[in-house]
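The same chain A turns up in both complexes below, where it pairs with chain B and then with chain C.
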Partner chain A sequence: MNLENAVETVGLTKSYGNVKALDGLSLNVRRGEILVLLGPNGSGKTTLLHLLSTVLKPTSGTAKVMGYDIVKQPLKVRESIGISFQEPRGFWRHKPYHILSFHAAIYGLTGEEKMQVVEKTLRDFDLWPSRNKRFMELSGGQGKRLEVAKLFVHRPGVAVFDEPTAMVDLEGKRMIWDRIRALREAGSTIIVATNEVREAEYLADRISIMKSGKELVTENLRTLKDSITGGDVVEVGLSTAISDQMLQVVTGVPGTVRVLQESESMLKVFVNRSEDWLPQMMFSVQSLGAKVTSIRVSEPSLDDVFLHYTGKVVVKQANA
Partner chain B sequence: MGRALQIARVDLSYFFRTKWLLATLIALNITDMLVVGVVYRGMISQGTFDYFTFFVPGVIVTGLFFASFDVGRRVHLGLTEGVSQYYLTLPVSLNGLVWAHLLSAGLGGAIYAGILTVVAAAFIPQLVSVYTLALIPVMFVLSMGLAGIAAVLNLFSKAGERYFVFAEGVQTAMVSLSTIAYPISLVSGFFPSYLLTVIELNPLSQGAEALRTVVNGSSASGAFNLLSLVATSIVLLVVGVVAYRHVFTRLREVGKI
Partner chain C sequence: MRELFFLLGFEFREEFDSIAWTVYLWLFFAFQYFVYGQLISKLVTSVSDYYLYYGTGLLIIMTFNVGTWAGRRFVEGAHEGRLRYILSLPIRRGELFLEQVLLGLASNLVRVGPPLVLILILNGMPAVVLLSSVAVLLAMSVGIMGIMISLSFIAFKSFDIYSAIIAGLSALLIRFSTVLYPLAFMPKAYSTVSLANPLTYGGDLLRNSLSVDVNSLLNPQVSTFVVVAVGISTIALGMMLVPRTLEGVKSS
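Then we have the complex of A and B:
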């Protein structure tokens, strides 16, 4: 195992009967990074997280967490990892204070230290006023925050969050994201599974896009956006009317994917990397004696990247 | 082991947090003792045979059985609501998790039977005895053993209401086919011999007989009964360990039940 990696999987597969929930996944998570698993429902994100945290046993393949094999050394793995489940886990009649106290005790906190950590965590997650409510009486958002809060009690080496802000309001989302980033700053490696693009953009050092139990691509956000052919859109205003020769020159600039003439002196050009393309285009246009009067660049959003890789099509609803 | 004890503690606390269930169980058991025991004593006691002192040890063992058996309900809830999945992520071994549940069952049954014994001792002074104290560890082992039966039900009831139906059926059968409410001599003329053997081997019968030995004064046969009770409980306990190991291993195979 590469010491730079907190998690390594090789050919990791989990099948339920004939259905492969995870299909030969090979993935590395670097120490100290936030890796976001982005994928549609049923893409295998949760299955991967459950395998890493030893809730599930793989059908085949291997995975190591902090150097420990999830099948051969499950106890060591459990000491290194913590998971915040997609759905909050707790007995109906237990109360948030007791749930976190139990969690703290399991990880060796005792006495005053335990009480202080539990109180701080409850306060940090805005759960202190609800500490004596029964689990079944918590709202969806409170239950979710309690589930996330567990990992801030024992601060594992690898912290795994499955849709950490589902059911949480906007203010709560931002609070949870900031705390997850702070957890990384404190030294934890973070894996977040989500299908919320904004969450991925806010948190990720790298994003792994998954579909049908497979990893499609794992890169940082910049590289992912750049990887879309013709993803950057540049609108160029020129000082003169656009001639055929001008169109030919612009089309010939390296990185140009498609050129549309929007008006007499305006071009819309789809390019791979606008930052590489623009200087070359300026030079070419100036060599024909024209001047660039305006430039507007828009890069693809993570939505575009996600849809590009997962092959999903956004269907606009027809007006009734 | 410390972590397993934490799980046992939190599991046990859930039993005592289910206040209405607990209140109903205690009310039923005390009603059985005071109403059924007293009324039937007046109707059927003959000579030295006192139905009240015969029946009360049976009620105590029944209480122990129901309290111990509740671990099956808790595990079932844990399996269906995902709490067991959470336990599987904690740094506790599979054996630790299994023993945690059986231990909490043992403690739940022993504590509950202890409460009933204290209530019963107000009416049966013989229960205030060193023999009763000596029986506590035996009752604890019996309680863990009875939890083994609940573990088997957990193994065969995957989801929905099935566990509760199975549990109801098993509890009714075990109480009916035991010497909790009647001496075996009373049914020896009616029941076939194999059923009489079942009644004799039933751990509830053996537990009740052990307590009756205390009430009636200890004897050599009492010591034999205790040994037999402990042996039966240990067999059931082993069955429970195997069953819960299967339950949690299967959970790791199939995910949430």
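Then we have the complex of A and C:
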């Protein structure tokens, strides 16, 4: 195992009868990074998290978490990883204070230290006023915050969050995201599964897009956006009427994918990497004696990237 | 092992946070023993001291119900996500299974212990009988929980089928056994089936420890062997089946 990786999976497969929830996944998560798994429902994100945390066993393939094999050394893996589940369910009659105290005790915290950590975590997640309510009396958002808060009690080497802000209001989402980032700063490697694009954009160092149990691509956000051919849309206003020669020159600029004439002096150009394309375009236009009077650039959103990789066409949206 | 006891304490606290079911069991015992038992024992004259015989039968039924409840709780835990969380904690699967058994035993002790003590007091039995009786009930409880938890794999396919099987099994195991009537009084066909039923041996062993109608009971050494063997084998079966069931099937 590469020491730079906190998690490595090799050909990881989980089948339920004829259905492959995870299909030969090979994926690395670097130490100290936040990797976001982005994918539609049923893409295998949750199954992957359950396999990594040894809640499930793989049908074939394997994975290592902090160097420990999930099949051969499951106890060591469980000591190294923590998972916040998608749905906050379970101990209906227990109270948040007792739930976190139990969680802390299981991971070796005792006495005054345990009490301090539990109180701080409850306060950090705005659950202190509800600490003596039963779990079943908490709101959906409170229950979800409690589920997420567990990982902040024992701060595992690898912290896994399955849709950490589902059911949480906007203010709560931001709070949880900031806490997850802080957890990373404190040394944990983070894996977040979500189908919420904004969450991925806010948190991710790298994004892995999954579909049908397979990894389609894993890259940082910038590279993902740049990977879409003609994904950047540049609207260029010119000082003169656009001639055929001008159209030919612009079409010939490296990185141009498609050129549309919007009006007598306005072009709409679909390009790769607009930051590289723009200086070359301006030089070419000026060489024909024209001036650029306005530029408007819009890059693809992560929505576009997501839809692009999961089967939709981005250009169709850009034209809309 | 430290984690096992933390978990046991945590689950025990939740189990007894509500005492409604425990009170129901005690009320069930009280009505059955003091009303139905009083009357039926006057009708049944061919068994010496059928009132005590019936009382011990009630204790076995309660033990069976509590054991069934432990199995059901295990299954519900898997469906509700409680077990999924526990599976992610740094606890060995074997320890987790042992914890579930200990939780079931503790539940049995709390719920069946007081009626047992009441019967002992009402019948003027010595305290030492309490120890042997509790040992028999707990040994039976282990076997029952082992069966119920081992069957939990059915529940992952269909909870309705699991519930139906458990209800059917409960009805058959209690009726085709010596829980409510001695072996010697059963028709041949009934007694043949009852001899293949572990509850028969558990029931007779409990009555041996309480010195009830000793002549009509099975050999206590054979009964002890059967009860212990069933307990060990079902627990071993559960320890083998449960991790495979849980780790191979979606829990929600």
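Everything that follows uses one rule, which is that the second predicted complex is superposed on the first by the 310 of 320 C-alpha atoms of A that agree within 3 Å, B and C clash if a C-alpha of one lies under 4 Å from a C-alpha of the other, contacts with A are read in each partner's own complex, and residues count from 1 in each chain.
Here is the rule we use: a residue touches a chain if its C-beta (ideal position, glycine included) is under 8 Å from a C-beta of that chain, and two chains touch if they have at least 3 such contacts.
Being a predicted model, the structure only gives us computed values, none of them experimental.
Asker: Check chain A with both chain B and chain C modelled on it and let me know: fit or clash.
Answerer: By the criteria stated at the top, chain C and chain B clash after superposition.
Asker: By the touch definition at the top of the document, which applies to A:A182: first (chain B), second (chain C), both, or neither?
Answerer: After superposition on chain A, A:A182 lies in contact with neither partner.
Asker: Check the residue A:L247 against both partner chains and state whether it touches chain B (first), chain C (second), both, or neither.
Answerer: Neither partner.
Asker: Does chain B (first) or chain C (second) touch A:M136, or do both, or does neither?
Answerer: neither
Asker: On the A-aligned overlay, A:I295 touches which partner chain: chain B = first, chain C = second, or both, or neither?
Answerer: Neither partner.
Asker: Touching A:R89 in the superposition: chain B (first), chain C (second), both, neither?
Answerer: Touch partners of A:R89: chain B and chain C.
Asker: Between chain B and chain C, which residues of chain A are contacted by each of them?
Answerer: Touching chain B in the first complex and chain C in the second, residues 16, 50, 53-57, 75, 78-79, 81-83, 85, 87, 89-94, 98, 102, 105-107 of chain A appear in both lists.
Asker: Considering the complex alone, what residue numbers of chain B touch chain A?
Answerer: 3, 6-7, 10, 13-14, 17-18, 74, 77-78, 81-83, 85-86, 88-93, 252-255
Asker: Taking the touch rule as given, give the residues of chain A at its contact with chain C in the complex, in rising order.
Answerer: 16, 50, 53-57, 75, 78-79, 81-83, 85, 87, 89-94, 98, 102, 105-107
Asker: If you look only at chain C, which of its residues touch chain A in the complex?
Answerer: 3, 6-7, 10, 13-14, 17-18, 77, 80-82, 84-85, 87-92, 247-252
Asker: Give the list of chain A residues in touch with chain B in this complex.
Answerer: Residues in contact with chain B: 16, 47, 50, 53-57, 75, 78-79, 81-83, 85, 87, 89-94, 98, 102, 105-107.
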